[in-house]
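Two complexes come next, and they have one chain in common, subunit A, joined by subunit B in the first and subunit C in the second.
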Partner chain A sequence: MTRLQWLDYRAALGERKTYVAAALMIYAVLAVPLLLAEPPPHVREVIAAWLADEDPFALFMFVWIDLVMNKVIAFVPVILASGVVLRERDTRVLGLLAAKPLTLGRYFVIRTVSACAVMLTLYAVTQVPAVAWFHGQIAGFRAGTFLAAMGLHACAAVFATAFAATVMVAVGRRGAGALVAWMLLGVMVGLALVGFYQPDWYALTLANPLTLGTLAMGNLQQLSPAVLLPPMLALLAWTAVTIAAGARLVRKMEV
Partner chain B sequence: MSGSAILVEALGKRFGAMQAVDGVSFSVEPGEIFGFMGHNGAGKTTTLRMLLGLTRPTGGRAAVLGHDVVAATLEVRRVCGYLPASYALPPDMTPREFLQYVAAMFAIPRATARARGEALLRRFGLEAVADRKLRGFSTGMTQKVGLAQALINEPRVLLLDEPTSGLDPLGRHELLEHLRALAQQQGVTVMFSSHILSDVETLCRRVAAMHHARLIACGEIAALKREHGATTMDELYLELVRRHAS
Partner chain C sequence: MVASTLDFCGHVRREWQFAPRRGPLIMMLVGIGGVVFTHQLLPLLPERAIGFMRAGFALEDMAAVLALNDLMAVYFPTFFVGLAGSLGVVLLAREEHRLELLLAKPVRAAALVAARATPVLGWTAAVGVVSSAAMAAAIASDSEAGSSVTPAGTFGSGLFLTAVVVVLLAALQLVFVKIRDPFAGLLVACAAWFGTSMPTAVLLYRPDAFARHPLALSLVMPNLLWHDATMAWLGPLSLLIALPLAVALVLAAGAWLERSDAL
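So, the complex of A and B:
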C-alpha cells in the first residue's frame, strides 16, 4: 500500500492542476514584496491594533499569512482536491480502477493523502526558496520565525485539502462540490483572524481549523515548539477525521 | 459444478422498477473461453459487474473460483482481470507508469511488477510508446493498454466487456489471438461479452445468450446451432430471440 501511495503521489505531482497551483503560489511569493513596498493604510492600522507596534517583519507576516496565504488555501486545496475520485468517475477511469482489490473508501484515502502531500510539497518548494527572496526584500526578515510560522500554516493547508476533497464527495458533483468547498473554506478563512481583532471571541475561534494555522501570528517574538505543536497536532487530528468522513461518504458512490 | 471457475445461480438485479438481470444461471469451466452475447441493454454488463462486486445483486448468488461475489468481493477481484466496455486511462500517466500503478493496487512486489509490466508492454507492442502520456492514445492503443492492465496480476479469470467494439479488423484479430493464447497457454478462464457474433463464434466453444434481462440459451455453439437449425451465429441468435418472444 505504501508503494501505491508513493506512485499516486508522483502521479498527482505530474497532473496539470498541480502546475496551476504551483504557478499561483510562486506568483504570490514574487508579488508580495512589491505589495509591501507601499502597504495600504488599513493594513498598518490593523497590525498596530493587535501587535502594538509596527515591526516591519510583523507587518510582513500579517500581509503574507492573512492577505496572501490564507487566500491561497481557500483556492489551491479546491484545485488539488477536485480530481479526488469524482474526476476519475466522471472521466470513466474509475470504471477500470474500481475493479481492483481496493475498496472505494481506501482509494479515496490514498488519493486524498496524495493531494495533501502535494499541498505540503508546494509549500516546501515555494516557502523555503522564498526565504532567500524575502530576506533581500523585507526589512527585519527573520527566516527561522517565518519557516516555523509557515510550517504551522502548512498544516492548515493540508487540512483544507482534505476538507475540500471530503466536501466534494459529499456533494457528489465536481462543479457544485468545488463551489461549496470554496465557499466553506472562504468563510473559514474570513473568520480565521477574528479572535485577534476581538479577543473576547478568541477561544471560540479556535474551533475553526484555519485559525489554528495562524496562531503563530500572535507569538512572532517567541515562537517555540510549545506554541506550534498543539495546533499542529490538532490540525493533523482534524485532517484525519475529515479524511475518514470522506472515506465513509464515498462508499455510497455508484461507479 | 463445484469445480466451475464461474458459477452463477438465479442471479438478479433490479434498479428501481427496472429488472436489469432476471434469474440468470450458468457456469464457466476453468480454462474455457466463454461467450456472453446479447443486444445492447440485455444485461451483459450488469452481470459482469455483479461478478466483480461492482454492482450488488438483488437476487441469487454467484461465485468466482469459489469466492462469493458479495461476501468476498476483494478476493474475487484479486484473482480477476477486468476490462469494462466503457473506460478511459489516466491521461497524465504513461503506459509504463499506469501498469506499475495497477500492480501496486494488487500489492505486487516492485521487482515482479516491473518484470510483468515490461513483459506486457512487449507482448502488446507498446514498448515504443511506453513513456508517452496516455492522453491522445488511439482506441486500439488504449485497448491494448486496457488489456495489459487487466493481465498485470496474472489473473486466473478474465472478464471482458465488449473488448472488440471500436477496434479495426486487424486490432480485433490481434485481440482475439491474445485471448486464445491466454486460455490455451496459461489456462486463463475468459468470459467475454459481445454483440459482435462473429467474434463469439471465432473464439468460443460455449455461449450464453441474454435477451431483455433473461438468459435465453446456454450451451455449446455447435449443439445450439443444430438444435435451432441455424447455420450462422446471426441465424442462431435471431432464432433464439424469436423463440423467446413467442
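So, the complex of A and C:
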C-alpha cells in the first residue's frame, strides 16, 4: 500500500496539470509585490481596521491570502482531484482495477491522498522560495510568521482537495462534478473572511473550514502554536471525515 | 441504402436534443440565488466594508455596490456552467476515445464541433440572461439603495458579461482541440477567467496604474456600472453580436481539429 501510494503520488506529481498549476502559483508570487507597491490610503486604513494591525505586513498577508491563495484553493484542488476514480471509469480501466486485490474505497483513498500530497507539494515549492522574494519586496516582511500562516492555509488547501474529490464521486460525472465542487468551494472562499468584515458573525464563520485556514491573519503579532494548532487539527479532522465519506460513496459506484 | 445526411442546422438541432439541461437549469437557480443572497447579506455588513467597496471601485451609492456584487453572481456561474459543458465537446470525448467514433460520422469536423458546442453556448447564454434579469429585478426592488444604476443598465451590464463569457468559451475551444489532457484544459480556462477578472483587482489595490493607462479602465468590471445608460443598449447588442461570433469561433476550432493530427 505504501509503495502504491508513493508511486501514485509520483505519477500525479509528473502530470502536466501539476506543472501548469505550479507556474500559475509562481506567477502570483512574482506579481503580488507589484500589486502592493502603492496601496491607496483607503485600502490601508480599512484592512488595518479589520485586522486590528497597522503593520504593512498585515496588509500584505490580507492581500496574499484573500486575493491569491484563497482563489488558488477554490480552483486548483478541483483540477487536481477531478479525475479521482471517475477518469478511470470513463476511460474503462476501472473494471481492470476492480479485479485487483484492492477495494474501490481504498483506491479512492490512495488517489485522494496523492492529490492532497500534490497540493501540499505545490505549497512547499511556491511558498518557501517566495520567502526570499518577498523579503526584498515587502516592507516589514516576517518570514517565520508568513510560513506559519501559510502552513495553516496549506491545511485548508488539503481539505479543499479532499472535498473536491468527494464531491466528484458524489456527483458521478466529471464536468458536472467539477462545476458543483467549484461552486461550493467558491461559496466557502467567498464567505471565508466575512467574520473579519462583520465581527458579530466571527464565531459563526468558524463552521466554514476555509475560514479556519485564514485564522492566522487576525493574530499576526502573536502567532504561536496555541493559535495555529487548533484550526490545523480541526482541518485535518475535516479532511479525514471528507475522505472517509468519499470512500463510502465510491463503493456504490457502478464499475 | 444510404442514410441521408443532415445540414448544419439539422446537426445543431440534433445535438440540442441531447445537450444536458439539468446543469444549466440548476445554475440559473444558483445565479438567482446568488443575487438574492447578495441583496440580503451586503446591507448587514458594517458601513466600513461598504465604504471600502465604494471607494475602491469608485461607486456612487449602495445600489452600485449591490450591482457590482450581482455582476459576480452572473459572471461566475455563467462561465463555469459553460466551461463544464465545453469540456464535453472535444476534450472529454478524446480522452474517452469517443472522438474517433464521432468523427467517423458523415459530417465534417468543423460542423461536428460547432454543432456540439452551439447548444452549450446557447445554454450558457440562457443562464447569463436569467441571472441578469434577476439582477435587474433585484435592483428595481431595492430602489432605496440609490439611483446611480438602473434596472435597464444593470440588465445590460449582465448581458455584456454574458457576451464576454460566450465569446471566451468559444475561443477556448480553439485551445481545447489542441490539448489532450482535460485537466490542462481546465487550468487554461481558469487562467483565462482570472485574466478577465485581474484588472478589477488591480483597480482596488493599484488605482495609480490606471492613471498612466486610462484606456485600461475599460477592462474593469465597475466600468459597466459607470456607464449605466450606455449599457442599457450596448449589453443586448453585445450579446446579439457575440452569438454568431461564437459560432464562427467554434467552426474555426473544428476546422483546426480537422487539419491537426491530434486526434
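Couple of notes before you dig in:
Keep in mind that, in the parts below, the second predicted complex is superposed on the first by the 244 of 255 C-alpha atoms of A that agree within 3 Å, B and C clash if a C-alpha of one lies under 4 Å from a C-alpha of the other, contacts with A are read in each partner's own complex, and residues count from 1 in each chain.
Following the convention adopted for this analysis, contacts are C-beta pairs under 8 Å (C-beta built on N, C-alpha and C of every residue); 3 or more make two chains touch, one makes a residue touch a chain.
As the structure is a computational prediction, the values presented were derived from the model and not from experiment.
Taken together through their common subunit A, the two structures put subunit B and subunit C side by side without a clash. Contacts of A:67 after superposition: subunit C is touched, whereas subunit B is not reached. After the chain A superposition, the centres of subunit B and subunit C are separated by 90° when viewed from the C-alpha centre of subunit A, nearest 10.
Of the two partner chains placed by superposition, only subunit B is touched by A:102; subunit C is not.
Counted by residues of subunit A touched, the larger count belongs to C, out of subunit B and subunit C. In the superposition on chain A, A:129 makes contact with neither subunit B nor subunit C. In the superposition on chain A, A:8 makes contact with subunit B only, not with subunit C.
By the touch criterion defined above, A:140 lies against neither subunit B nor subunit C after alignment on the C-alpha atoms of chain A.
Using the contact criterion defined above for the overlaid structures, shared-chain residue A:16 touches subunit B and also reaches subunit C. Legend: residue contacts after superposition of the two complexes on their common chain; A:175 is shown touching subunit C, with no touch to subunit B. Looking at the shared chain after the overlay, A:36 reaches subunit C, while subunit B stays out of its contact range. Looking at the shared chain after the overlay, A:79 reaches subunit C, while subunit B stays out of its contact range. Closest CA pair between subunit B and subunit C after superposition: 9 Å apart.
Under the contact criterion defined above, the residues of subunit A that touch both subunit B in one complex and subunit C in the other are 15-16, 91-92.
Taken in their complex, subunit B has these residues touching subunit A: 52, 54, 74-75, 77-78, 80, 82-84, 86-93, 97, 100-102, 104-107, 110, 146, 149. Remark: subunit A residues 1, 3-4, 7-8, 10-11, 14-16, 88, 91-93, 95-103, 255 touch subunit B in the complex.
On the subunit C side of its complex with subunit A, the touching residues are 20, 22-23, 27, 30, 44-46, 48-49, 51-52, 55-56, 76-77, 80-81, 83-85, 87-88, 92, 95-97, 181-184, 186-188, 190-191, 194, 201-202, 204-208.
By the touch rule above, subunit A contacts subunit C in their complex via residues 15-17, 20-21, 24, 34-40, 42-43, 46, 49-50, 63, 67, 71, 75, 78-80, 82-83, 87, 90-92, 174-176, 178-179, 182-183, 186, 194, 197-198.
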